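Two complexes, one shared chain (chain A), two partners (chain B, chain C).
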Partner chain A sequence: MAATLAAASGRAPLPRLFSRGILALVLGVYTIYQLGPFLWLATMSVRTTAEISADPYAWPSPLHLDQFRTAWVDSDFATYFWNSTLVVVGAVAVLTFIGAAAAHALARYRFRGNRIIYGILFSSIIFPPQITLISLYQILVDYNLYNSLFGLALVYISLQLPLTVYLLEGFFARIPQDLFDAAKMDGYGDLEIFWRIVLPVGMPAIATTLILNFIQLWNEFLFAVVLITDPEKRTLPIGIRAFMGDHFQDIGMIATGVMISVIPVIIVYVFFSEKLIRGMTAGAIK
Partner chain B sequence: MPDAISLRTAAKSGEAKASSRATLADPRRATRLVLAIFLGPALLVYCGLTAYPAFRTIFDSFFTIEGMDATFVGLANYRELMGDETFWVAVRNTFIWSFVAPVIDVATGLLLALALYAGVPFARFLRVAWFTPVLLSYVVVAILWMWIYNYDWGVLNVMLRAVGLGDLASSWLGDPNLALAAVIVTHAWKWAGFNMVVCLAAIHSLPKEVLEASDLDNCGWGAKLRYIIIPMLRPTLLSLYILSFIGKMKVFDLVWIMTQGGPLWATETVSTYVYKRAFNWNTFDLGYPSTIATVWFLVVCAAVIILNRVLGSRERLEY
Partner chain C sequence: MAVVKLDKIVKRYGGGGPVVVEDVDLTIDDGEFMVLLGPSGCGKSTTLRMIAGLETISGGTLSIDGRVVNDVPAKDRDIAMVFQSYALYPHMSVADNLAFGLRRRSIPNAEIERRVKEVAALLGLAPLLTRKPSALSGGQRQRVALGRAMVREPQVFLFDEPLSNLDAALRVNTRSEIIKQHHRLGSTMIYVTHDQVEAMTMGTRICVMNAGKVAQIGAPLDVYWQPANTFVARFLGSPPMNLMDATLAAATRRAASPALDAPLARWSDGVLQARDGRKVTLGVRAEDMAIDHASLDGAPGGRVTGRTIAVEPLGAETLLLLELPGGGEITARLPRHVTATPDQEVVLFFRADAAYLFDAETGDAIAPLETGAAAVRAAVQRRTH
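Right after this comes the complex of A and B.
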């Protein structure tokens, strides 16, 4: 590309070097802008609050890894972490199943109302969350699911269902029909086809939605803060916020708690960055 | 047709159920039972936890609801809303945010994508690095940026003082004139990577021949951008704009954690106001916030439809 650039503009090499230098500088600064805050957070998470107040930008030495132990044990972050894990893993597992089943039916079978059901499910993606928030609060109170992780998981399933169906429907529709015809000839029933063909063949797309849903629900704040009040049942986002409300000055410990919530996301990202990026963009391009 | 016969016997002798024999003629049809098994759970969740609550909120907007008691008040809530100054401030803030910020978002996304497309070194690393903030939760982003904006030791003021512009150092989130802009910048920081990745994917899917032809015609980058890339990316850019717009109409978490709508309602958005009225103020009335939610729901739907029309995108709305 550089060669074509030079050929196209026909400039001398020196200005080209100069403009490339400018570009590199801009990109470098931009990368610091995007990544710097996070790295700063990482350094603060292994420093004590006293050290941070002395100099917020110093390199962490010595490393106070015991901060993580303190946050985990003494500041209840272990509780928040396991609550988050329970709710998110449970919700994502159920969500993937019922989402995939619905997406398969919508993508594969011709029946009256197919596109209407798809359209109704899909349109709720634009709903502002407040339209369901207040009523969901009332409903969960009515059914004794308020302040329970089970209730929160149910709500999470409903929140991510439209996107899941939308992404999987698009993928399942591209599985060649021949595969299904052949399966029918082999005497597979409809449920077997779903179980033994759609799920294995659709695994890449299913994995993408799985990771996407995991991250979005792991980070979810609004519904958690409304539907959970018991400190024992807080998920990580509301746990961190509650901790910050109580210990506003304890910057080192807040940073450690924040890191605890971010580490699983970063691990997932390190392993599945391509899948994740593709999943998040799949909705926006067609 | 011997095939069909052998098929049928195979189906009979095999473990196939009645439904599969019935649908053998057209494999794209299924019995109602099969459809119900596949679609039932999803529709149940949708009806119970999305459609019913949405209708209930709209229904509730005509009542005053205190605890278990609901009193029908007709359109009183709506009349009150029209005269509610805080609501109008929230609407103004949300509209400023929703119409201005997406332009910034899409423009930065496109520029970043072009930089990567132009073949800078470490493009793969940069793409992954720039995308990272998208994955951080609003709680994390909000806390980080509250520290960045901190008056005494925040990065921004420290840098301003370091280059001798100490006069410009401000309490970014405490000044009503700056708070909204500060929160908008934070939101843009979080989402820049998303727009970049979408634009990059779209550029890569452009037909190679067109770009090569423009190279042969000695077309510079400016002209290429103006006459080829932007027109061809139009559908993607528009759907990104609308996507970004919808996101801003809903914005809650970031504002709630960073400023709680303050100072002096400078960053109040409709979402934070609904939350305040429903769960934070001691008004104990769920009817009035339902009214705000209903009105806003209609506004968002109308805005999306109008934007889709006005921007002339023939694409269906995505995401």
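Right after this comes the complex of A and C.
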């Protein structure tokens, strides 16, 4: 009766209101948990280190927006930003294309050694990437690629390719064979089918790997700090480190640098997040 | 339009792998609607995919209009196919799905647009052209799949169980739509199904397949009334034909067992003499069984005795399931007023000319005197009594 009355008056029944309330509470707490550090960072980015030391949690007053100009112009963040963009966008573009092509081949074609190649790729995910650091350093030196953005991009591609292929292969294998057969009957060859069917249909998974790779490589520090020593070729994570001295850390400028570094990640996420969610939940709902 | 000829076609997976299609000989005439019918795993879809060019051919020759196409890629065979899963491109609109195959063939845009609009109007898809497949119902998706094949105006249409995913009402509608389009286009069509109703109602001819081989080819009624073997006899018809073990006595022209006594009026003396005293299988369709001897109208008839297992009143008729004394079960389709209690002894009658005879070892039909169109006429006449 209560449910009927609630429905008649256009209100949700009490148990549903309660569960929605719980859900809203959980989501609210989680949002604060996630957003809190970011807002704190944002406030610190427009405060000086002295102000932060006096009161780490105070609201910024006055706003030191000039810190962004200082970082961008005086501390050469413009160069670091450009270097990071060049390396990461290049690496992610190549990763996405080669990863998708390899994943498609492994998912769709039966050839001798298919599973062996897949196994080798998969096994390389298990090992921590640090164990390849010294070898890669030596290889880059041997091929005159040490201290070069191109060399760093190549390393990034090799680091992320196994995971990219692994994620995409799982998704591509679920694309029904009938779609490929239909495209063949419509007159298309293998390459055209890859271009016109696999890539568009696999876009949620491709967007997922694209975001994951972009965030991972944009924030990558270890390989960049070992393989790049030339100040002109620094990427953003190494640039931010320049504000850290042995005895003094310029917290305000570090926060400003991190904010500059975070903006592209947010832009990429905003553009691709819908597809990312679809990629993550693919197969969950028929 | 085209003649499709399969000459001893074989499909084997791997080097020495299992043979899934074996020596299939089949000629599909220009404008014919051929139905490949059989149970799951009988090789009918594999045969269709070989015709399409989606599976390699392990042996034999496949030709279309006299041109051998064994090694011709699917895209160059001028064949369109409608898939069971519809196989619509999910990222394209209905219009793009229809036009996709035409764009590959360098057809001018104006012509593509004309064809797409024409087919859309024919199939009632005009209001849906801008929608994505995900925004369509099952029936609409199936019509788009059909339209995608039609818009290409191919030599041959292939259908791989296209109605399996539709509900009963939509299946009937779409079946009519395909028949209508076949009459309008007059194209050669090859249709794979495991549904005997689809086969009987749609096919110009039926090719019944079993275990990778052709069991029988013929017009639907010919196959129904003159099954070549026990497999076809039981596969076509619902309920399936009743098959009963018996011993043949040529002198009395009868097949008999403890439960059965059947006069064999349709076979020549020579045929009966050759099998005198041997085991045979006697077949009678459920609808040819009667519970009342008077319904035979004085014609010579056989009788079979069993005990009731189940009575299924269907409203318009009643199905009676009997267990025979020597083992085996039979089903009779009887008038709706018939009732029986469980484990009751029941005697059923059938006209002598409604009986079929099969070799007990091979399952092959033993040909009666009357075959071909005459046999079909006789069977239909028998049914009208």
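Just so we're on the same page, the second predicted complex is superposed on the first by the 221 of 286 C-alpha atoms of A that agree within 3 Å, B and C clash if a C-alpha of one lies under 4 Å from a C-alpha of the other, contacts with A are read in each partner's own complex, and residues count from 1 in each chain.
Definition applied: contacts are C-beta pairs under 8 Å (C-beta built on N, C-alpha and C of every residue); 3 or more make two chains touch, one makes a residue touch a chain.
Here the structure is a predicted model, which is why all the values come from computation and not from measurement.
Chemist: Now for A:130: first (chain B), second (chain C), both, or neither, which partner does it touch?
Modeler: Touch partner of A:130: chain B, not chain C.
Chemist: Applying the touch criterion given at the start, work out whether A:188 contacts chain B, chain C, both or neither, answering first, second, both or neither.
Modeler: A:188 sits against chain B and chain C alike.
Chemist: Using the superposition on chain A described above, determine whether A:30 touches chain B (first), chain C (second), both, or neither.
Modeler: first
Chemist: A:179 in the overlay: touching chain B, chain C, both, or neither? Say first, second, both or neither.
Modeler: So A:179 only meets chain C here.
Chemist: Check whether A:201 is in contact with chain B, with chain C, with both or with neither, and answer first, second, both or neither.
Modeler: Once the two structures are laid over each other on A, A:201 reaches chain C alone.
Chemist: Answer with first, second, both or neither: which of chain B and chain C does A:273 touch in the superposed model?
Modeler: After superposition on chain A, A:273 lies in contact with chain B alone.
Chemist: Chain A residues in contact: does chain B have more, or chain C?
Modeler: B
Chemist: Let me check the overlay on chain A: which residues of chain A are in contact with chain B and also with chain C?
Modeler: 181, 184-189
Chemist: Would you pull the chain A residues touching chain C in the complex into a rising list?
Modeler: 176, 178-179, 181-189, 192, 197, 200-201, 203
Chemist: Can you name the residues of chain A that touch chain B in the complex?
Modeler: It comes out as residues 1-2, 4-5, 7-10, 23-24, 26-27, 30-31, 33-38, 40-41, 53, 56-57, 97-99, 101-102, 104-106, 108-111, 117, 120-121, 124-139, 154-155, 157-158, 161-163, 165-166, 177, 180-181, 184-191, 194, 215, 218-222, 226, 237, 240-241, 244, 251, 254, 258, 261-262, 265-266, 269, 273, 276-277, 280-281, 283-286.
Chemist: Quick check on the complex: what are the chain B residues that touch chain A?
Modeler: Its residues touching chain A are 7, 10-11, 14-17, 19-20, 23-24, 26-30, 34-35, 37-39, 41-43, 45-46, 48-54, 56-58, 60, 112, 115, 118-120, 126-140, 143-145, 147-148, 153, 155, 158, 189, 192-194, 197-198, 201-202, 205, 215, 218-221, 235-236, 239-240, 243, 246, 249-250, 252-253, 256-257, 270-271, 274-275, 278-279, 286, 289-290, 292-294, 296-297, 300-301, 304, 315-319.
Chemist: Show me the residue ranges of chain C that touch chain A in the complex, using the header's touch definition.
Modeler: Touching chain A: residues 49, 52-54, 73-75, 79-81, 83-91, 100-101, 104-105, 148, 152 of chain C.
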